[in-house]
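Shared chain: chain A. Partners: chain B in the first complex, chain C in the second.
What follows is the complex of A and B.
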């Protein structure tokens, strides 16, 4: 199973080489994913899976696109 | 006590008045009250009956962090309704140091009168000949003012767009780095100044009336707690200074809400090329600045200085809305072209949101190709001349769309939409529909709960909860705009337990007037009531509190969401 990972802003440095087709296990959640990537949980504020707002507990499926952001704002 | 300075632009008479019936008001609450009470609601915005009010907030002149914004109020040449346009720069904190709470410009001289520079000092106003700067872009014009008045110059000025009365015309304000790079952006306030033949307003740099808190001990304590609130929230302390507002390009794109190709799609293929991350990379490579503040006392520092490929300063105040409008909505991929257009908009003095959307409409109308940055630059350069194309572009989306025969016009009350598609971010969509300002995101920034996880969570794809979300944010924002605060303090305040109380404590201890949280809410609600009252008398009704029909009929990819509120449901957001 493979997913697309996008990590942005201060999380960009955690993007793995194979971020375009990153292997995941069955039952993978966003939380288990960021643990694998070495991203501290407190640094992840916004999670999108296939453009829908999700959370650390959300399950990830094969072929999903996962977007991760730190706390951000703007206008 | 600070005074209200009234200036008649025809007779050149002026008076420094006690605040009288306007006591207790500041910023937007003051400008909206004055416009509502004193401007006939059916007058033409360019006529002698319209007024232009510039006001600092209740905390103007103070050392409270992020409290130096300035409000400009008028009847808008763009919307025909009431307008408050808010800006950074030096003006907001300087006015009280000349003993001023507000400046009210009234009447207008004959059509062929020359432009003047208003020189304002502690007890006097002079109309000075502006022929040396009339017709100039703002940067060279501002340089002339710097040469004449010195490095402590604090000015407001219009560019060629305002002089030629374009509906997109801004008023540009001196920033802390001696550039005319901060804007009262939306609604054509610059055209009102142009109609009164005022090219620039200069506050005497030598005057420094001492201002201080009435209850200094209480003020110092509240000021210190306020700093910890702003420094204690990751958005205001790290996110905004780190990547600036354009960090939202990737966020809103990821959420499928980034309006692309004149509001056809919610994602843009080249979002990464125009993102905050990309901009920060380019700035760093070229020796610009990735973080700086727009006014004295700002501790959020969300803005930047962008340099060109030769390492020379090109623009600042280069923000998400601008990057989105030209880069995604008009599909321009080259970040240098977009930065050049940000600079051109400051030079001509025109609203980047309205102009960016007008460029997209021009592309939709076949005037120039989609995504053609160089062609867009040439169109912008025509604004402020008597080239008919420049006159059309400078008048915004509805006017240009009518000229070009384009049906897809994303406007409400004549003002075009900002960088969040209302179908996917319904919390801000309700604001676009119902605020007296026209399609305006700052008036009630529902993006916080819909997308950013600040101040709770409300699903932006569904109707539930978004009318209430928008209404509450509209009242809070109007209060923030009336106290002189930068709106970005809201990111910290929405997630804090005592933020609102501390804002009230700051106002109470600074002014010496009793000011509770209830008073703060009433200040904001009162401003909105003045605005709704004016608009009703100007001829607006609930029919104008709606989005264009194509938002209901056209599903927005990737989520295929539509706008589905009824007119009556939306009225729930009104004060």
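What follows is the complex of A and C.
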């Protein structure tokens, strides 16, 4: 079992095809995940894991739902 | 209550059939306007007084089972500040006026241009070049003249925000872009009032309520403009965010917000709705 990735707005284009069930390695963090996905760190302003705000250094475990959110301010 | 006003309301009211069964006294919109003019009282106050007399203003008949008379009176006597009359702001204005918020204080220094037509409900072909506050005035007069709409045709600054918020119960962040949102959040905290905020880029949006001193989206999003510069803001995403914001204004005015300290993240391509704790 992997993780579920949700990437929003301008980050949607980085979502891998297997984003619903994405394999992770032991010790995987949000930072190592977004590096693998090719997302520049500065483009991620909000990370949430299982609906809790987290940081780039947060560890990810199998079964987690990871949300990646860029700067969004339109009205 | 002024006896002449009370007598006036009861004389103008008439029995009508009620959507939930039976009959009761109702007060038509023309009578509200007439009483407001004769007694020099805002229409929203006539409506609040009518509800206190168990007379339902026709305008609110179909809301009565969703908005209790007590809550409707609270709305009619409340004052809400709203910064921005663009995409979010136009849709919010419409909803808050129809819900019956008695006094709305709004600000926007912009004028309508053709590129607003994709989403901004106050923008029309015949109104291109018109000030957004002017368009708001025209729309409010068309849909709810009982509400008092105060307009400031200017872009607010950190210096002018505190005065703008004076006397308001809640402030709505309907700004475009990220540059002013942090200043507005700080001004709301300084005024000790809740902030209802929302923003979007493409089909993605978020809505949050920031209680004074709490962390909010403005603390996370930075001040450079965001993904909306590239992705724009399609109408369905704008109107969804505006509806969520309007309902949180209602929740705050009548009780408790559901999104205090949280952020509801939405995406209309994947139909994702997730409430994140900040």
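Going forward, the second predicted complex is superposed on the first by the 71 of 75 C-alpha atoms of A that agree within 3 Å, B and C clash if a C-alpha of one lies under 4 Å from a C-alpha of the other, contacts with A are read in each partner's own complex, and residues count from 1 in each chain.
Here is the rule we go by: a contact is a pair of C-beta atoms (placed from the backbone, for glycine too) under 8 Å apart; a residue touches a chain by one contact, two chains touch by 3 or more.
Treat the numbers as computed from the prediction; the structure is a model and nothing was measured.
Student: After lining both complexes up on chain A, report clash or fit for chain B versus chain C.
Tutor: Here chain B and chain C cannot both sit on chain A without a clash.
Student: Can A:53 be said to touch chain B (first), chain C (second), both, or neither?
Tutor: In the superposition, A:53 touches chain B and chain C alike.
Student: First (chain B), second (chain C), both or neither: which does A:69 touch?
Tutor: both
Student: Would you mind listing the overlap between the chain B footprint and the chain C footprint on chain A?
Tutor: Common interface on chain A, chain B vs chain C: 6, 8-10, 12, 45-46, 48, 51-53, 67, 69-75.
Student: Quick check: in the complex, which residue numbers of chain B touch chain A?
Tutor: By the definition above, chain B touches chain A via 233-236, 238-240, 242-248, 250-251, 254-256, 266-267, 275-277, 302, 319-321, 441-442, 445, 448, 451-454, 457, 459, 487-488, 491, 558-559.
Student: For the complex, which residues does chain C have touching chain A?
Tutor: 84, 86-89, 174-178, 181, 198-202, 204-206, 217, 220-222, 224-228, 230-233, 238, 263, 265, 267, 269-270, 272, 274-278
Student: Name, in rising order, each residue of chain A that touches chain B in their complex.
Tutor: Going by the criterion above, the answer is residues 6, 8-10, 12, 45-46, 48, 50-53, 67, 69-75.
Student: Give every residue of chain A touching chain C within the complex, in rising order.
Tutor: Per the touch definition, chain A meets chain C at residues 6, 8-10, 12, 45-46, 48, 51-53, 67, 69-75.
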